[in-house]
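Every chain is named by a letter (A, B, C and D) in the order it is written, and numbering of its residues begins at 1.
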Amino acid sequence: MNILSFLMLLPLIGTAFIALAPKTNVLLTKQIALVTTILVALVGIYMTISFDFNAKGFQFVESREWIPAFGIKYALGVDGIALVLILMSVLLTPIVVVAGWNESEGGRWSSKVFYSLLLVLETMMIGVFASTDVFLFYVFFEAMLVPVYFLIGGFGSGDRAAAAVKFLLYSLFGGLLMLASIIGIYVMATRYGNRTFDITTLSQLHTVLTPMMENVLFLGFFIAFAIKAPLWPLHTWLPDAAKSATPGTSVLLLGVLDKVGTFGMIRYCLTLFPEASKTFTPMIITLAVISILYGAFLAIGAKDIKRLIAYTSISHFGFITMGIFAMTSQGMSGSTLYMFNHGFSTAALFLVAGFMITRRNSSTISDFGGLQRVTPIMAWSFFIAGLSSLALPGLSSFVSEFLVLVGTFTRYPVAAVIATFGIVLAALYILIPVQRALHGPTTPGNENLSDLTLREKIAIAPVIATIVVLGFYPSPLLNIINPASQTIISQQGFSDPAPTMSEGK
Amino acid sequence: MSLDNYLYLSAILFTIGAVGVVVRRNAIVVFMCIELMLNAANLSLVTFSRINGTLDGQVVAFFTMVVAACEVVVGLAIIVTIYRSRRSASIDDASLLKR
Amino acid sequence: MATNNGLVYLIALPLFGALALLLLGRKADKWGHLLATAMSAGSFAVGLIQLSQMLDREAELRPVTQKLFTWISVGSFNVDASLLLDQLSICFVLLITGVGTLIHIYSISYMSHDKDRRRFFAYLNLFIAAMLLLVLGDSYLNLYVGWEGVGLASYLLIGFWNQKPAYATASKKAFVMNRIGDMGLSFAIMIAFATLGTVSFSGVKEHSHHASEAAMTAIGVMLLVAAVGKSAQFPLQAWLGDAMAGPTPVSALIHAATMVTAGVYLIVRSNFVFDAAPTAQLLVVIVGAITLLFGAIIGMAKDDIKKALAASTMSQIGYMILASGLGPAGYAFAIMHLLTHGFFKAGMFLGAGSVMHGMNDEVNMRKYGGLRKFMPITFVTFGLGYLAIIGVPPFAGFYSKDMIIETALNAGGAKGIILGSVTLLGAAITAFYMTRVMILTFTSPKRWDDNQHPHESPALMWIPMVILSIGSVISGYLLYRGKAFKHWLEPLFEEHGEHTELLPPIVVSGLALTMVAIGVAIAVIKYQLSEIDNVAPEKVSIFTRIARRDLLQDDVNEALFMRPGQAITSALVKIDDSVVDGAVRGVGKMALGSGSALRETQTGFVRSYAVLILIGAAALIAAIWVVTT
Amino acid sequence: MIEFVSPTLDYALLAPILIVLGGAVLGVLIEAFAPRKSRASSQLFITLATLVLSLVSLIRVRDRSSSAAAMESVTFDGAGMLIQGSILIISIISVFLLADQENFTALAAALPGSDEERASLQQDLRVTEIYPLTLFAVAGMMLFPVATDLITLFVALEVLSLPLYLLAGLSRRRRLMSQEAALKYFLLGAFASAFFLMGIAYLYGYSSSVTFAGIHSAVIGGSGNDIYLLLGIAFISVGLLFKVGAVPFHAWSPDVYQGAPTAVTALMAAATKVAAFGAMLRIFYVSFAEAYWQWRPAIIAIALITMVFGSLVAIAQRDVKRMLAYSSIAHAGFLLSGVVALSKSGLESSIFYLFAYGIATVGAFGVVTLVRDSAGEVTDLNRWSGLGKRSPWVATAFAGFLLAFAGIPLTSGFIGKFSIFSAAYESGSTAILITGVLSSAIAAFFYIRVIVLMFFKDPVEDGTSVVIPSIYTQITITVSAVATFALGIYPTPLINFIQSSAAFLR
């Protein structure tokens, strides 16, 4: 059996076991979930190791007929980019399970529901990155929404129902636009004699499309991804969703699901519609730069810690998008690496924020104060997570952020320069909450908060470790990513701008 | 005289029936107007049958009468029940279901 | 270039110390400070070994490198994590680790009462490691890591007592303003990569000859921005004063001796860029000159001893920057002044610390006075530092500063005249405010109330002070003798022939000394021979007030950046809710509204339905009719 | 003098229809002679048996196709068989809903609120006539899509309509509403069929033939008077569009859906739509195909209006059954895009969509029958809140059906939407694709609102409760749910089957 299919099957098996587990025995449910996710993670790591860095094209390929009538295949395969993202997903899930050990209680439904949804979601997360058939991708892309919707609405806090609905409607709207485009592609492909959804075959389709048609189809995809990513001005669902969802869910939401947007831009927008991508690049880069600064400013203005993290993510997704459309190997690899790192740094932020919130029963920043004296370890974890979010050199996100900036600068200097101001704002939006929550005198209500428990330490330690290690030694990931991004750029007919060095003397 | 006149007549009858359906309140009358429309159709059918010189049209006409009869049966049954439970055959009274 | 696998230990030792102390937590409270000191000392030892090896080699063979691993490699963007030790970096290595170790020792006693002493030492070690990485990195990107690393360390140390909100704010301010500088550095790197295709020192150096001057200027200016941020030069100087919130040893090490001088290092290190970009070079000089006076003026107005010293640091670094802006002629002297300054300023800060230690952390000099008798050692060491900084021969400062003044004068033309006079004026002001500090603290009559019990600090504290004071006496001459230091550094720079001498050196020295004498004299008259009250007088000239408010630097920043920033933020927050999200909600409402509106067509009357059907039929016929004909 | 040709009938092909009619007649006899006690059970048995039998006989002849089964007046071909099959399957599962006696009045003749009614309730009388009526309706539905001459078409239309008029009026609770629904349905239905008949007349006048084939050749020949063709198409369309409930001929459906007994509503919403669309597809594909440039713009316009209108108004609904009614209007719009596609893929996708939609609809209404309080079914949406807490499985099933309506992947609805829109787009109408997608987005809005009500709101304590489903209802809901998801996850077998056999014999 293909390893990718196996990877997707495992969580479903886990779900089956959970279904069998007695409703009363919550612990057993959790244990099953944990074991499953860990197994998945191990398989994922094994897959990464057995991945051939130098080979071009997709690996671990599997292709079966699904709906031959429409030329739809159950086709899987990963290149470096997809692999890295899958790895991220499967690594984050067990961490989320451990960190959110008690999130499943206090929901509307039993823990069984929670973990079933979680595992189903994991399957779909893998599938959405692994599928090489546009239709299959779309199926995962849309179906994914349902478990998340119930995770937010059923186990979240505050006005969770509204947030869930907002999230779902936004995404559905995007999804339907994308459906229109997919139908368009399908019909075009049929018209030009090849009724298929295979991404590799379709990547030739643009040669026969009229520019107008290509642009329209491109927009269908891009808007969907821009909502997912999210890109300004289609972002307003994210803060609400992130605020209402449980920390664990938020990690998966911002850490993994939103990556589907940026991943889609690379895998679908660029591959399927190179010309249109070129046409829209200026607009997209502009939006990206706006997102960077806009998200940063709103993060500075945020009163609620979860909203703050959400806004920082908007800023970061601006960077990722910018890097993607910069069309340089640095930008492309940087963005992909950025996706991975952002997954972990956001995870760290959200999880620690979650720890803080559960202790204080409030997510308002001003309710905290002087935690560093009360709960040093928690404070430190938050601080380090914050530093990685502001891309401090030596932490993983610096490498990716700098690559994105350099890569963009070589082709779009102005955008890069404006975007760089984001790093000053980043310092503000991280240090302000750090000062409010961790520094200063210990404010009433915080005197006897307890520090991280062993479980929480176990959950957060690997994340921080990853952040630090990848900061100094990103090569393993870059080796996986580089060939893939190279392929994509060359497909686009781009090559890195050579040093200008115009003779002036 | 030209057969077209019959067609015009049937068209007029049909219209009268349609308008009747719209303007009259009493269920029975409305129903009668519908019958009128059916018969207008019949007239056209017969006329066309004459014009085309095939019998099918007349056959249809016969079928129509039968069907109309059945409609009467069902229709009157419904109208009567309504009348009994509402003590009125005005179709405007029956407007609980709306929006 | 020769490789040497020993370099990594320079950084590894203190880094290990930092990590150990942070990760072990309270377990290490007992011996943490000792480990940290040992690590710093060890690093110093390694440095000495490296120096001795270096001395054995021929001038051009002296630089050594060590490649640790491939850090980032994407397309043509390849950066190795590798270290470079040459004549320039070795000076810094020794300064950092040497002074650093002394300050470790000093802190053992200075921080002995603080229950977080271990954390303090962890931060110190972290700083040492980062600073070493800064000066050892062989490419701008490696330097960047150290660059922000020291920023982090200084953030942590300034905010070491961050339970005091003011201190927390100070640390944040320092970090953010540094980030603005860092932005400049990243711009410089981007431009370098985009134009030259490399970010390593050697690479840029080799391209610097045939790259366009425009590119070089751009890089140079951006590097200057970085330097300005890190070295608290104008206009990014505002954070240094507040940074005095940190424990005094920190001020001595980071905000006097080492970190703040990183800007000078960056410029001198990038000499090849600036040599190729005269415009950028001019800017450097201007910044240096402005800051030199700026700091000096503030220094005259401060009553807080640490702030006064901080201002003086700012001004002294102004000297160095100015020198480094004078091209090959000045680089050596910039570094030389940097080193001597490292000694005497660190020593004076430690002195200040010891004074505060004896005065229950009182920092207001107007509440000092006559401490000469109570803490003689401090007085002497501080005094030697004082003589050094104002530039009295044969103390260290005299040689280094004199050289700078000389070079400035010889810069040629109006430039030379202006710079020369600025530096001379600076010397006078320096003399004035430093004398003021001396008098207010030590020699004037006592102004402290009787619940104060001034006393000399313990040996662990005064030994480092003594050592540093020795340094501030002799270091200048040692480096000056036979232009030793100039020759030591020469291989790194490209000499552009000799400069015209505006005035003979002896005259320059004379001028300088007269200026100093004037400064001292005024101070003595104004403070020693007249009554000083223990609260700052209110009825003072507008200039004094402005000077006390740091020449309005904070007011300007607030008006220009902070308030607009806050305005934008709150505006955007509103917009995001009302406009962006509002639009989305609006669409929803619209759909709902039209739904309920259309709903009304369903009247419930059979006849109206019939009408609908009728209309529909008519429309259908019409439509088909239209199409058909 | 025309000499009389004795008709030759192919009973094997006619069997499915004849069996159903026979079963209906048998049912009538039972009403006449069997003792009251045994009626209910025996009627149910006979009905099911008949339908199953008919299905079997249909399968037996599935790969035969002939237009000579009854002298050209009915044509059995792949498409027809598929549609008949769908009708039968849908009817079978909805008959289980009929079996639940809570749905129907004890004594149709009794006055609402009269002693007579109370007495009849106490005696636990039951109108068992519903079964034969249903069978008659089903027979009509099966005849409708295979009829290939206008007479048969008209007769079939009436045969399927008349019983439904009556069934609509037999609700046990809220009888006034029920009767009103019957009245409205009847009057408007008759009104529409009058148009239909007039259309027949004009087509006959145009082509001097009543068979589809004749009309087809006349259209090709172009000899006839185009005015007649125009009027004919228009009037026929009015009749058909009325049945499928397309705007502006939709107005009856919300009222009737709401008033009629839910079981009947299920049958109407699902089976009738299938039949009506079957007939529509046939007549437009077979007879009017070559005149498409005349009618297509109009039908496209109606399709667009229908989608948007249905989706928009559904948002504003507070009553489950009305909401479903409007959603079915929207779906009628989607299905019309299959008609205008006028291509093989259009036909295939329409058939798939009809089947999938029908199944899901029956299931959804099945759930509606379960949510009750002392006064009968609770259709007020606000009182559905917290259903997910009270009875998770029922709520989950309903959510599933809603997701299918919304066209979320992994449900049958998605495949249907995808295939039908791509068919429409293939035939070059971008407008339908865009509008369809957008109105689906609007539609999602209210489907999700219901899901929120059921799962994320807390139950209101007002006696609303979910009755323990009778075994029949259970079967209905389970079967539909399973089918809905199965067709979403692995539709290949059905699609292949449809592809292999879906074609109209001209």
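Convention: contacts are C-beta pairs under 8 Å (C-beta built on N, C-alpha and C of every residue); 3 or more make two chains touch, one makes a residue touch a chain.
Owing to the predicted nature of the structure, the values given are computational and were not obtained by experimental measurement.
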| item | value |
| --- | --- |
| Middle chain, criterion being Cα centroid separation | A |
| Chain pair with the higher count of C-beta pairs in contact (C-D, A-C) | A-C |
| Chain centre separation in whole Å, for chain C relative to chain A (CA means) | 37 |
| Inter-chain centre distance, chain C versus chain D - centres from mean C-alpha coordinates, in Å | 80 |
| Rounded Å distance, chain B centre to chain D centre (Cα mean) | 25 |
| Chain centre separation in whole Å, for chain B relative to chain A (CA means) | 65 |
| Multi-chain contact residues (two or more partners), chain C | 588, 599, 602, 604, 606, 610 |
| Of all residues in chain D, the ones touching two or more other chains | 183-184, 187, 191, 195, 254-255, 445 |
| Multi-partner residues of chain B (at least 2 other chains) | 18, 21, 30, 91, 94-99 |
| Interchain contacts, given as pairs of chains that touch | A-C, A-D, B-C, B-D, C-D |
| Complex contact set, residues of chain D against chain C | 183-184, 187-188, 191-192, 195, 226, 230-231, 233-235, 237-238, 241-242, 247-249, 251-252, 254-255, 293-295, 297-298, 301-302, 309, 312-317, 442, 445 |
| Footprint of chain A on chain C - complex, ascending | 25, 69-77, 81, 141, 144-145, 147-149, 152, 159, 162-165, 168-169, 172, 175-176, 179-180, 182-183, 186-187, 189-191, 193-198, 207, 209-215, 565, 568-570, 572-573, 576, 580-581, 583-584, 588 |
| List of chain A residues in touch with chain C within their complex | 169-170, 232-233, 235-236, 294, 297-298, 300-302, 328-330, 333-334, 370, 372-373, 376, 387, 392-394, 399, 402-403, 405-407, 409-410, 413, 416-417, 420-421, 423-424, 427-428, 431-432, 435, 438-442, 472-475, 478, 482, 486, 496-505 |
| Chain C residues touching chain B - in the complex, by the definition given at the top | 599-600, 602-607, 610-611, 614 |
| Complex contacts: residues of chain B adjacent to chain C | 18, 21-23, 25, 30, 91-92, 94-99 |
